[in-house]
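To start, I am sharing the structure in question, which I have written as structure tokens.
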Amino acid sequence: MSPNARIVLLALAGLVLLPGAAAVIAGLPAFGSTIAQYGERINAVAPEARHVANMVSAINFDLRGLDTLGEEFMLLAAITGTVVLLRGRRGEGNTERAMRRPGRAVIPRSEAVVLACRIAGPLTALFGLYVVLHATVTPGGGFQGGVILASGTLLIYLGEGYAGWRDAIRSHWLDALEGGGALLFALCGLAPMLTGAAFMQNILPLGTFRDLFSGGLMLVENLGVALAVTGGFTQLFLEFMEETREAREPEEPGEESA
Amino acid sequence: MSVLPYAVAAWLFGIGLYGIATSRNFIHLVGCLGVCQSATYVLLLGLGYRWGSIAPIFYDHPPGTPAVDPVMQALVLTDIVVGATLTALLLVLTIQAYKRGGSLDPEKLRPMRAVGQSGRDRGSNRVGDGERKAS
Amino acid sequence: MTAILPLLFLFAAISGTAVVLVRDPARQVFAIAVNGLVLAILFDALQAPDVALSELAVGTAAVPLLFLVALMAVKTQPPEEDS
Amino acid sequence: MTAFPAALLPLPVAIPLVICAAMLATAHFLPGRLPDILATLAALSVAVLCGAIAVHAADGPLVYWFGGWEPRDGVHLGIGFSVDEASGWVAAFIGLLYALTFVFAWGFFDRTHGHFHILMLLFLAAMVGFCFTRDMFNLFVWFEVMSVAAFALTAYHLAESSLAGAINFTVVNSLAGFLMLGGIGLIYAQTGTLDFEGIAAAVAQGGRDPVVAGAFCLVASALMIKGAIVPFQFWLADAHAVAPSPVSVIFSGAMVSLGLFGLAKVSAVVFGGSDQVRHALPALLIGLGSFTALLGGWMALLQRHLKRMLAFSTISHAGIMLTGLGALSVNGTGGMLVYVVGHGLVKGALFMIAGILLATQASIDEIALRGLGRGIWPAGIAMGLAGLLLCGLPLGVLDQGTRLVQGALAQQGHGIALAAGAIGAALTGAAVLRAAGRIFLGLGPDPGDEAGAPSEDEREKANRPLWLMLAPCCVLLALDVGVPAGLIEHALPRAASAFLHRPAVETLAEGPGWLPWISVVAALAGAGYGLFRRRLPALVVRPVSATQSAPTRALEVLHSGLIGDYVAWLGVGVAVVAGVLALA
């Protein structure tokens, strides 16, 4: 089909769908007028039932924890898939050591960059940890914090260069981190069943409302998610960076962090 | 105003589809897919919003204060993870496809081409990519 | 507040359209990052700070980074000769 | 505290998840064969558990609330699993198919540190979750986990065609996910709940509502994309043809039909209360289904790449399943459920035979393989039998499903759908039988139109003995033929009514007994024509070739492999669904 025919086809479909979309939009409750009963009910019930302030975390880790379990394993599937697809060509064996082109000079980095990264790295890590730990009281949680932590590891790359980064971060540690985090989450589901409770039932002490350690089992699940996401995203960055290394003329490290 | 968010969501999905249909570069195409996905974020959060409500975090406000719908937010959170995973996977596929096929153009990469290695193969029957002009 | 929200929605529509219309992937990356940022601000205005934080981490940092690296990988590597 | 049988419900999902997380955590220390063993055992335990659940669900659906969040004052707070007998058996069948696939692939993926097994186990867990859940968003989550695992598995070979196929698959199915999520957002905003029952109750009270129709349009389109219904079918041939053969077994045997299974559940249980949806469904499903059955069958006949041929045959059979669904009766849906299992068994066996040819003869091209299969004649017998079963040989589970679907269609006077299904099955059977004859008997020296079809050299590692690959294939065929018909006849009326949430019926009608034979005869005739074209009088051959060529070329051009085209057709498909809903 020629591109023009394609656009005509799509436009025709759009024309048919337009009145339908208009009818649907007209039938929806006006923007901002009301929210669904389910959400309203959770806002009413969950603070008291689970002693947590952040309703989104309560839903993610308790009320609808199964969704998050699925989501975590979706991430795991994607990252495993990425690893399989990227390594398939390189061969599994090559990934343990930094791939350095023979004869390539190590590019010196300016002192300022190294220093800035050595300062910013720990700060990013701290911020990530803060976001992870405060899942039940303020915005954030294992996923957001994990992504921030993984981004922080990229600062090692910026400051210490590729080889230093590659030496600091080993692929099978990341596998262990990712798999271990996901395993922890899944076991949080199964463990309560041993006591006769339901899958993922919150059987731990709930703590005090607005306290950092509130929410019981949610804290463990949050930790599992944080581990899995940190490991997973770092693995993702690592594998992607690896793709750029086989170039004939490697790029100046640092360019891509714009 | 009462329909704007939904209209924006529909627009984003439509323009994303248009982008995918006309894209000549896989990396660009992955970006367009992200636009389609952002339509779902906007739709869901728009549906879960209520004027004059606080965020569903009862830290500075006592429980019982009217808050927006936390369920929609939880759904969108999951959706964002979906988006990140899809983007990563598609980019990997794109990189590998480029290495194999030497092109990032969706019009040039074909899943399977017609071959004619059998004994009596008539050219008229072949529907190869030769018939498609890379316009 | 009432005036900001519609404006943000319109910005989201415009920046999304820009992502589609900027056909050069190297420049599209910036459009994607801007789109992510606009969406993050919009989500925060919609009282969804959790989602905004995720979108900030994923949409403006992680995803554009992956795009950049993919672009680099494609630019720096000649395709293989064999299949 | 949940009582015994219901307390089993989370396990078939949790066990594979735990095992694959543990496998990933220890990926670099696992000895060679352990992933194979663990994965096979996990899949078997899923099958056994699901079977046990299905047995217990005979008296009524088992319900399980995660996190102990039981509904309070009629509001569903948490996520629930609700398993009726039919869903349980379908999940058990899926577990079994995985176990046999793991045996089939024994040692095939030994260089990936168990990563293949991790993806497959995730795929399995997602499918079981998809069958069991009673929550719209949870359905979406499993739908996406399924997709993501499948995307990565498709591209495993890293050849150009497999990457292109995987990209098409990923883009189209991601769009399906977005559509589905949009639909879920709409229905949630309108009804205020995500639980199947809750939505059903709200929908039934609501009357004609464009939002409900719109939500259904989006969700149904998404599931039809997964189920490869025309005009959403394009991705399937690209993806199934290039995926490693063990993965294709799962794709065709379980994933596609699971999309339609989901559609059956959603349209009957969730949106069944809407008059608009109920009035639109028969025309929509039977129309699209008949068209799909014919187009898939015709395309299958024109292929020479064996896996691509089987992929098109899957499209055709998905169309037949959809017509069964479109009857909107206990009879039709029951037939479709049996058909899902039977088709999975037969199609799984056929993809395994394709894998055997890839491994032992290092080719998948029907014409290139001519006569090369003589050395592995047991595979030839299996392929011949599978081809006959595929076109409707009155024997076994697939045939029982076919008859029930035909019975439902005949009852409601859908003659055209009846004919389309029979012709579609005959065409796919003809294609498979022609390929079997050419490969294993060396017949058909001069290929017809199929010579111009796309094909590609491909090979898979030949590191397994023939018997190890043949055994799971034979088990699948034996199951299809061997499961006593009386068992299904006895349980199905009850199970299908429970699945649809309708009052139980006594017996189910079957279609006319001569119809399957017509398909078989037509399939044999079609295969014979393909193989003995040379020896037939020109009077027969010329008109047939003349009518074949033009539509053939047009169809191949349509299946262009270009993602832009597919997206345009996707838009058309959604518009068709919306149009039919609007007119109802």
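Each chain carries a letter (A, B, C and D) given by its place in the written order, and its residues are counted from 1.
Just so we're on the same page, a residue touches a chain if its C-beta (ideal position, glycine included) is under 8 Å from a C-beta of that chain, and two chains touch if they have at least 3 such contacts.
The chain list, named the UniProt way, goes like this: A = Multicomponent Na+:H+ antiporter subunit B; B = Multicomponent Na+:H+ antiporter subunit C; C = MnhB-related membrane protein; D = Multicomponent Na+:H+ antiporter subunit D.
Since we're looking at a predicted model, the values are computed, not measured.
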A-C or A-B - the one linked by more C-beta pairs in contact: A-B
Distance between the centres, which are taken as Cα means, of subunit B and subunit A, whole angstrom: 19
Whole-Å gap separating subunit A and subunit C (MnhB-related membrane protein), where each centre is the average of the chain's CA atoms: 17
Gap in Å, rounded to a whole number, between the CA centres of subunit D and subunit C (MnhB-related membrane protein): 36
Inter-chain centre distance, subunit B versus subunit C (MnhB-related membrane protein) - centres from mean C-alpha coordinates, in Å: 12
Sequence positions of subunit D contacting 2 or more other chains: 137, 141, 144, 148, 151-152, 155, 158-160, 186, 188-189, 194, 557, 560, 562, 564, 567-568, 571
Residues within subunit C (MnhB-related membrane protein) bordering two or more other chains: 48-51, 54, 58, 62, 66, 70, 73, 77, 83
Sequence positions of subunit A contacting 2 or more other chains: 3, 6-7, 10, 14, 21, 24, 26, 28-29, 36, 38, 42, 54, 56, 64, 67, 71, 74, 77-78, 81-82, 85, 89, 139, 143, 236, 240, 243
Chain-level touch network, classified as line, ring, star, complete or other: other
Inter-chain touch pairs (all): A-B, A-C, A-D, B-C, B-D
Residues of subunit B defined as touching subunit A within the complex: 1-7, 10, 14, 17-18, 21-22, 46-51, 53, 55-59, 63-64, 67-74, 77-78, 81-82, 84-86, 88-89, 91-93, 95-96, 99, 135
Parts of subunit B lying in touch with subunit C (MnhB-related membrane protein), wherever the complex brings them together: 1, 4-5, 8, 11-12, 15-16, 18-19, 23-25, 27-28, 30-32, 34-35, 38-39, 41-42, 45-46, 48-49, 51, 53-57, 67-68, 72-73, 76-77, 80-81, 83-84, 87-88, 91, 94-95, 98-104
Residues of subunit D touching subunit A in the complex: 1-2, 7, 10, 14, 17-18, 20-28, 64-69, 72, 75-79, 111-113, 115-116, 118-119, 122-123, 125-126, 129, 137-138, 141-142, 144-145, 148-149, 151-153, 155-156, 158, 186, 188-194, 209-211, 213-214, 217, 557-558, 560, 562, 564-565, 567-569, 571-572, 574-575, 578-579, 581-582
Parts of subunit B lying in touch with subunit D, wherever the complex brings them together: 9, 13, 17, 20-23, 26, 29, 33, 36-37, 39-40, 43-44, 47-48, 71-72, 75, 78-79, 82, 85-86, 89-90, 93-94, 96-97, 100-101, 106-107, 109-122, 124-127, 131-132
Contact set on subunit A toward subunit D in their complex: 1, 3, 6-7, 9-10, 12-14, 16-17, 19-21, 23-24, 26-29, 36-38, 41-42, 45, 62-67, 69-71, 73-74, 76-78, 80-85, 88-89, 92, 172, 175-176, 178-180, 182-183, 186-187, 189-190, 193, 196-202
